[in-house]
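Read through the structures below before going on.
In what comes next, subunit A is part of two complexes: it sits with subunit B in the first one and with subunit C in the second one.
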Partner chain A sequence: MTPNTAYTPYHPRWHRTRVSTYWWLARGSYFLFILRELSSLAVAWFVVYLLMLISAVSTGNDAYQQFLHWSGTPFALFMNIGSFVFVVLHAVTWFNLAPQAMVVKVGSKRVPGFLIAGSNYAGWVLVSIAIVAILFIQW
Partner chain B sequence: MSERITLQVARYRPEKESEIQFESYELPCPKEWVVLDGLNHIKDRIDGTLSYRWSCRMGICGSCGMLVNGEPKLTCATFLADYAPGPVRVEPLRNFPVIRDLVVEIGDFMGKLARVKPWIVRDSEKPLSEGEYRQTPEELDNYKQFSMCINCMLCYSACPIYGLDPHFIGPAAIALAQRYNLDSRDQGAAERMQILSEHDGIWGCTFVGECTKVCPKHVDPAGAIQRYKLQAAMEWVKAFVLPRAAQ
Partner chain C sequence: MYIKRPIEPLLWLLFSAGGVMAALVMPMTLFLFGLAFPFGWLAPPTYDRLLAIVSNPLTRVILFVLCSLSLFHWAHRFRYTLYDGLQIKHLNEVINMVCYGGAVVGTLVAAYLLVTVP
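And now, the complex of A and B:
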């Protein structure tokens, strides 16, 4: 070895495997992760849908009736049902991951993960019941 | 259980090949043999040119990480018999450049590890006469899980984000930063936060969670990163609401 030998950042003989464009199909967990990421588009769709509803309501009865009619079209039904499935996936995967991000202690003991996830689900159920009550119970 | 098993081993000889080739070796398969024993058998009895890293043989040194049938594994803790009747495919860790056969280049990881200052940082040391820095068992429990990391890099190999963006600091380095942040003797959390709150730090992680699944020491790097994100977000809120207190 000569005294001038030195490491260089460029090593043409290292083999670098290119990451496939379809890497997310290689494993079930990667695919589920991509679905979870895509579910943000479904959340965005519901925001747009809500804004359209508010706009129709604020415009007047005709616009609201028109919006209701449009909501019954195959396209709107497809978008809403598909988005609902994605949003449920988003919520479930989010709640299941919550115990990894949250460290809750009671005294010096860490609260087990299933209780943290469980409390998230319980909150979800309670809020859902409250919304159903507001919508369907004649006050 | 079959008495022999075939290992399909990735070979990359840069002096004569530009792509990874697979060579098959038929080996005995006693129930106590791990994949590393199979590789040692090949090296000792069949083909002495096979290159791979290993050292302790007991899941401490973190040298012998490879892909076994596509999964990042410590080969010293992966039994051949579990894959019988085979074949078993052994490849170098994914997401790292391959130097030769099963040996990958780890300089990128070593550089990132040093960046997060994985040591106890003190503003000032107390005099020796005051004795050691004592910890309660609860204080030890705060960081013990993260201190189990052996730098085996299986988490980097499992992380698709690191594969797509090599600038991402990565799971083990962040988990080790968190190990020192949670240590009651350490005062370097703010310094580490500056490094890890950059784009290539904690925010590069999209919580795929595979790092935690493959970790042989149950370190839960994904958990460490999410806790770090929560902490960073809380500090941002604090600085926003109480700008003077944050200074």
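And now, the complex of A and C:
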């Protein structure tokens, strides 16, 4: 948008083919792109779900048990199964793109992409193990 | 002349920080609390244990950062999804308000909930 562009009565008309609203259905790679972009909805849902859990834990054991019961209802399962798929899609596409986003150099040599992606995947595994450990291991 | 929006780099920074947090933490957490516990594959942690985890100051800070950055990640990405996917860039003011406004409200709610954990 260029709001300050001067208006002229005989402004040239550029030839622009109209892109269909459903352009992302035209190809598999476009569709995957839009699925990846839509993963942000799953990320937002996760935050809502997490805050509901935190709120229940703050309220007391009854509220926590109620939350656990609710998490087994069809609506919650539907949201969480779908969100899980999208959150994994987000993680995989994010880590795979990391080499393009991060240019790490050792001396004058660029660290190869697979090492950067690999270290991201390693971080993912470590964080996942840490979450399980925090929740389950008896110290 | 274009109107300059110097806030844009900050929004990209929040987007990418949130993307990293979400990618690292969410799959396992959602697998446990969204699938494994409801389907009975694993027994959920006891109330006392979960309360002890959540009331730990370090956990609260991590959870707050996770919630806030993830919401800004959502806001930024969803904004562009609407722009590109539906080609409704002319509604940008409404979209920005809903997306970033939602992230700000969510951040405040998260802060309130995490501060008031007993």
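Basically, the second predicted complex is superposed on the first by the 124 of 139 C-alpha atoms of A that agree within 3 Å, B and C clash if a C-alpha of one lies under 4 Å from a C-alpha of the other, contacts with A are read in each partner's own complex, and residues count from 1 in each chain.
What we mean here is this: a contact is a pair of C-beta atoms (placed from the backbone, for glycine too) under 8 Å apart; a residue touches a chain by one contact, two chains touch by 3 or more.
All values reported here derive from a predicted model rather than from experimental measurement.
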{"item": "Overlay on subunit A: subunit C relative to subunit B, clash or fit", "value": "fit"}
{"item": "Which of subunit B and subunit C A:37 touches, first, second, both or neither", "value": "both"}
{"item": "First (subunit B), second (subunit C), both or neither touched by A:61", "value": "second"}
{"item": "Subunit B versus subunit C as contact partner of A:29, first or second or both or neither", "value": "first"}
{"item": "Which of subunit B and subunit C A:122 touches, first, second, both or neither", "value": "neither"}
{"item": "Touching partner for A:19 - first (subunit B), second (subunit C), both, neither", "value": "both"}
{"item": "Touch count on subunit A, higher of subunit B and subunit C", "value": "C"}
{"item": "First (subunit B), second (subunit C), both or neither touched by A:101", "value": "both"}
{"item": "Shortest CA-CA distance between subunit B and subunit C [superposed frame, angstrom]", "value": "5"}
{"item": "Contacts on subunit A seen with subunit B and repeated with subunit C across the two complexes", "value": "19, 24, 37, 101"}
{"item": "Subunit B-facing residues of subunit A, complex", "value": "11, 13-17, 19, 23-24, 27, 29-30, 33, 37, 97, 100-103, 108"}
{"item": "Subunit A-touching residues of subunit B, taken from the complex the two chains share", "value": "12, 14-15, 18-20, 94-95, 97-99, 105, 138, 160, 163-164, 206-210, 212-213, 220, 222-223, 226-227, 229-230"}
{"item": "Complex interface listing, subunit C residues touching subunit A", "value": "1-3, 16, 18-20, 22-35, 37-39, 44-45, 47, 49-51, 53-54, 63, 66-67, 70-71, 73-74, 77-78, 80-81, 84-87, 102, 106, 109-110, 113-114, 116-118"}
{"item": "Footprint of subunit C on subunit A - complex, ascending", "value": "2-4, 19, 21, 24, 34, 37-41, 43-44, 46-47, 49-51, 53-55, 57-58, 60-61, 64-65, 68, 71-72, 76-77, 79-81, 83-84, 87-88, 90-91, 94-95, 101, 123-124, 127-128, 131-132, 134-136"}
